[in-house]
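Heads up, the next two complexes both have chain A, just with different partners, chain B and then chain C.
Presenting the complex of A and B:
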């Protein structure tokens, strides 16, 4: 459904939602923007940064989350899932698209994560399309785009004085039920804006044949070169909207079983109880990060596991750029023998 | 601005003459705000060498990755030179296996301070000869005073000159004012206890435990960091207040008498967490109580690295 929202009525609408929902939107925190719940007198921070520093996956998979409480004497209780109704407003299409990939991890047929699922069901996701390409993003290269609908209940297109609202689900319809229908003219203009935005986004690297190249070059010396300056920190993966790895730890003193974000870039991630580490250095770990996104996800769900948000590029402390790394990988020779 | 041609010529010379096997420096980045650390093994590769105020890493952090037998050349600014000295003292590489190309440092530009003024969509950055930098951003062109963009650790740097390099390229710069380094310590230490605690918590509890600060630090080279230790566990590994505070306190304490105030930890942090105020406090204590500054040479032991049989604290011996 195509609806129309006057910009000067946006805050009114957000406040109306606050009656029924906890409403999250990008707001300033220190020097960056962050999805925070709206309070009275809120100020949206869309002009400060294109994307929030931490991807909104954190609203579904918190950095740390207690799963269960236990006592030393055998008793335990599960911690109930969070079901507060929420709206996430102003999510970028790359981040929303990433959420659909994480659904394939946390909502599998046989294994469903109750906390993830409960939060997903209780949340309405409203996207804000990107009119201007961001410098480090590459959404159109990897099958996403500045107005991609995946993972969204509604998306907004800026038409100047007004915002065109497209809804894609009952959740989205309910949220915007008060708005008037958009005219055909407004809908056509939105399509033009969306098309123009897509065309402005440059293609960052060739994806055709990339998976095969990476598979063939598993044992290539290229990975040593690619990882040479890598610090081995968790910035790229923690700020990645599709990275989901976690570690489960028993905080025995508090009696809590906790799930914490973890990353394949850490030595301890793949360290086995015997002391053996199948990914002993940054070389193997760098290969894992890129291969997971660009070959293993493709094997599993037939999609590249990256939506091109560009956070890993923007915030890498040593300036490593996954786009450049993949461009080089694509030029590697074919048919290198496996190790 | 260092003379890039002279740097390249020296890097090539030491490779050709076999003085070193590899030169660690910087090359232009794939994005305008982030030059990358680079490792040059041939003279052709040295042509990529780049060096400007945006080179934000402390290259000494790579030193401990190489075998001690490898002959390494490294571009060093004041802080990097002192980090190398501290690492040499700690037995991490023999000094004779190193060739340090010194560059007096005008300070590292904090890219965050650029984007605060220009917006984050930066297209190019050019350092100009009049101590300004020209930034082309999507929002327009900006001419910014370099001085206003320096990372705070650099704005209060005491020793900008490489102190024991094998060669220095560029004019030596005047030493910094130690009072500036003390000011940051005082601004924190003089706060009432409650406020000081609130400040610490506000900074520490933004942490996402990515350990970029640790990995960027030349002195954090432990094969197993205390936070990764499983039995016993020294601290919670999650983002609970206890876990985050535990990390930031112990990380700082492990730097006592070892931190060179380079600020690489802060520059690497994806959450813009202030942390040098803690290590500056420890450095200030080292200066005032023990008359010791880290890395001024490679032979004076840091006060907390010395033990004598007549130590007043009997539990030590």
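Presenting the complex of A and C:
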């Protein structure tokens, strides 16, 4: 359904939602943009950055979360999953798309993660399309796009004075039920904006045949070169919207079993009790990060596990650029066998 | 017990039934656990398959992944043997009968017992990795299972005789007429009546026939590395050689990310893989 929202009515609408939902929207905090719950007198930070620094996956898989609490005499009980109704407003299509990939991990038939699922079900996701390309993004290269619908209940297109709202689900319809229908002319203009935005996104690297190249070059010296300047800080994975790895630890003093974000870029991530480590250096760890996104996800769900948000490029302290790494990988020879 | 949406992270409440040292050097301890709630036991044994593993929880210490070392017919308990290595396994070694413990599982695929029906089985183990092979052998020993399979050969090697697990039971296996047992130790010891040498060499010496056979190999990486080619040399095809893998694990249900081998998770898609499957995966072990 195509609806129309005047920009000067936006805050009024957000406040109306606050009656029934906890509303998260991008706001400035300490030099960065974050998804924070709206308080009275809020100020949106739409123009500050295309993307929040921490991806909104954190609203579904918190950086740290208690899974169970310990009771007396060696007992324990489950901590109930959160089910506060929420709206996430202004999520970018790359981040929403990434969430659909994480769904395939957390909502598998055999082992559904109740914490993830409860939050997903209780949340309405309203996207904001990107009418201007962001500096390090490459969404169209990897099968996403500045107005991609995946994972969204509704998306907004900036038409200047107004925002065109497209809804894709009952949740989205209910949220915008008060708005008037958009005219044909407005819908056509939105399509033009969306098309123009897509065309402005440069293609960052060739994806055709990339998976095969990476598979064939598992034992290549390329990984040594690719990882040479990596510090192993893990920021590329912590801020990645498709990364989901976590650690589970017992916080004995708090009496809780907690899961915390973890990263394959750390040595201890794969270190075994025997002392053996399948990924002992940054060479193997860099290979794991890129291979996971560009070959293993493809094997699993037939999609590249990257939506081109560009955070790993923007925040890498030594300027490692996944786009350049993959351009180079694409030029590797085809016939190298496994060691 | 599980009123809310069932969490795959919530352990089943258990308690220790028996706890005893398995090796003379006290590095290996066996725990037999029983279920606090009989309903949990029914649910467990309805799906349990030898070759599967569980995550044992010492509250306040954490979890450790261990292969199940018992067969369902042995009773309403689950057996594990833990090597004392890290903080959780150290805590496991402290447990006494009656102590509470959490358990998640059974996890993973287990051995493909249906597909093996009608075949001869060659079971090859080394060190404490023999635990799931012990569960497999016990499973096969049950009269209602034994007839489904042909000849049964067990080859089990340890560094010393003291490190051999399940000693009494294995000693009794030598008397059975429905199986062949070959035990080995790495270096000679007085009064040792069996093989002396490394498992891959013992496999070559025993030279099991590959005709209508499958081989299952579980052992330390170095043993597995040399045993797999020895079996290929004997004529076993990659489709008939199986092994069980281990990696560091946290969630056990394919979510925390760390036990991947290429696109497969050892916890969820394994731990049992055929050599043919492994050959198609990156060497990331």
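Here are some notes:
One rule holds for everything that comes next: the second predicted complex is superposed on the first by the 337 of 339 C-alpha atoms of A that agree within 3 Å, B and C clash if a C-alpha of one lies under 4 Å from a C-alpha of the other, contacts with A are read in each partner's own complex, and residues count from 1 in each chain.
Please note the rule applied: contacts are C-beta pairs under 8 Å (C-beta built on N, C-alpha and C of every residue); 3 or more make two chains touch, one makes a residue touch a chain.
Please read these numbers as outputs of a predicted model, since none were measured by experiment.
Look at chain A after the overlay: chain B and chain C fit there side by side. Ranking chain B and chain C by residues of chain A touched puts C first. Contacts of A:44 after superposition: neither chain B nor chain C is touched. In the superposed pair of complexes, A:76 makes contact with chain C only, with no contact to chain B.
In the overlay built on the shared chain, the residue A:269 is in contact with chain C alone; chain B does not reach it.
Using CA centres, the angle subtended at chain A by chain B and chain C is 90 degrees, rounded to a multiple of 10.
When the two complexes are overlaid on their common chain A, residue A:291 makes contact with chain C while staying clear of chain B.
Once the two complexes are overlaid on the shared chain, A:36 sits clear of chain B and of chain C alike. Residue contacts after overlaying the shared chain place A:249 against chain B and chain C alike. Of the two partner chains placed by superposition, only chain B is touched by A:315; chain C is not. By the touch criterion stated above, A:10 is placed in contact with neither chain B nor chain C.
Measuring only between alpha carbons, the smallest separation of chain B from chain C in this overlay is 6 Å. Where the contact sets of chain A with chain B and with chain C meet, they give residues 247, 249. Per the touch definition, chain A reaches chain B in the complex via residues 30-32, 49-50, 53-54, 62-64, 132, 134-136, 228-229, 231-235, 238-239, 247, 249, 251, 258, 260-261, 263, 266-268, 313-321, 323-324. The touching residues of chain B, when paired with chain A in their complex, are 29-31, 33-39, 56-57, 61-62, 112, 116, 120-123, 138, 206, 208-212, 214-216, 228, 236-240, 243, 267-268, 270-272. The residues of chain A lying in touch with chain C in their complex are 67-68, 70, 73-76, 78, 80-81, 105-106, 108, 110-115, 117-118, 215, 218-219, 244-250, 252, 255, 257, 259, 262, 264, 269-274, 276, 278-279, 284, 288, 291-292, 295-297, 299-300, 338-339. Per the touch definition, chain C reaches chain A in the complex via residues 2, 4-11, 13, 59-63, 85-86, 89, 99-102, 221, 246-248, 250-251, 253-258, 260, 262-263, 268, 282-285.
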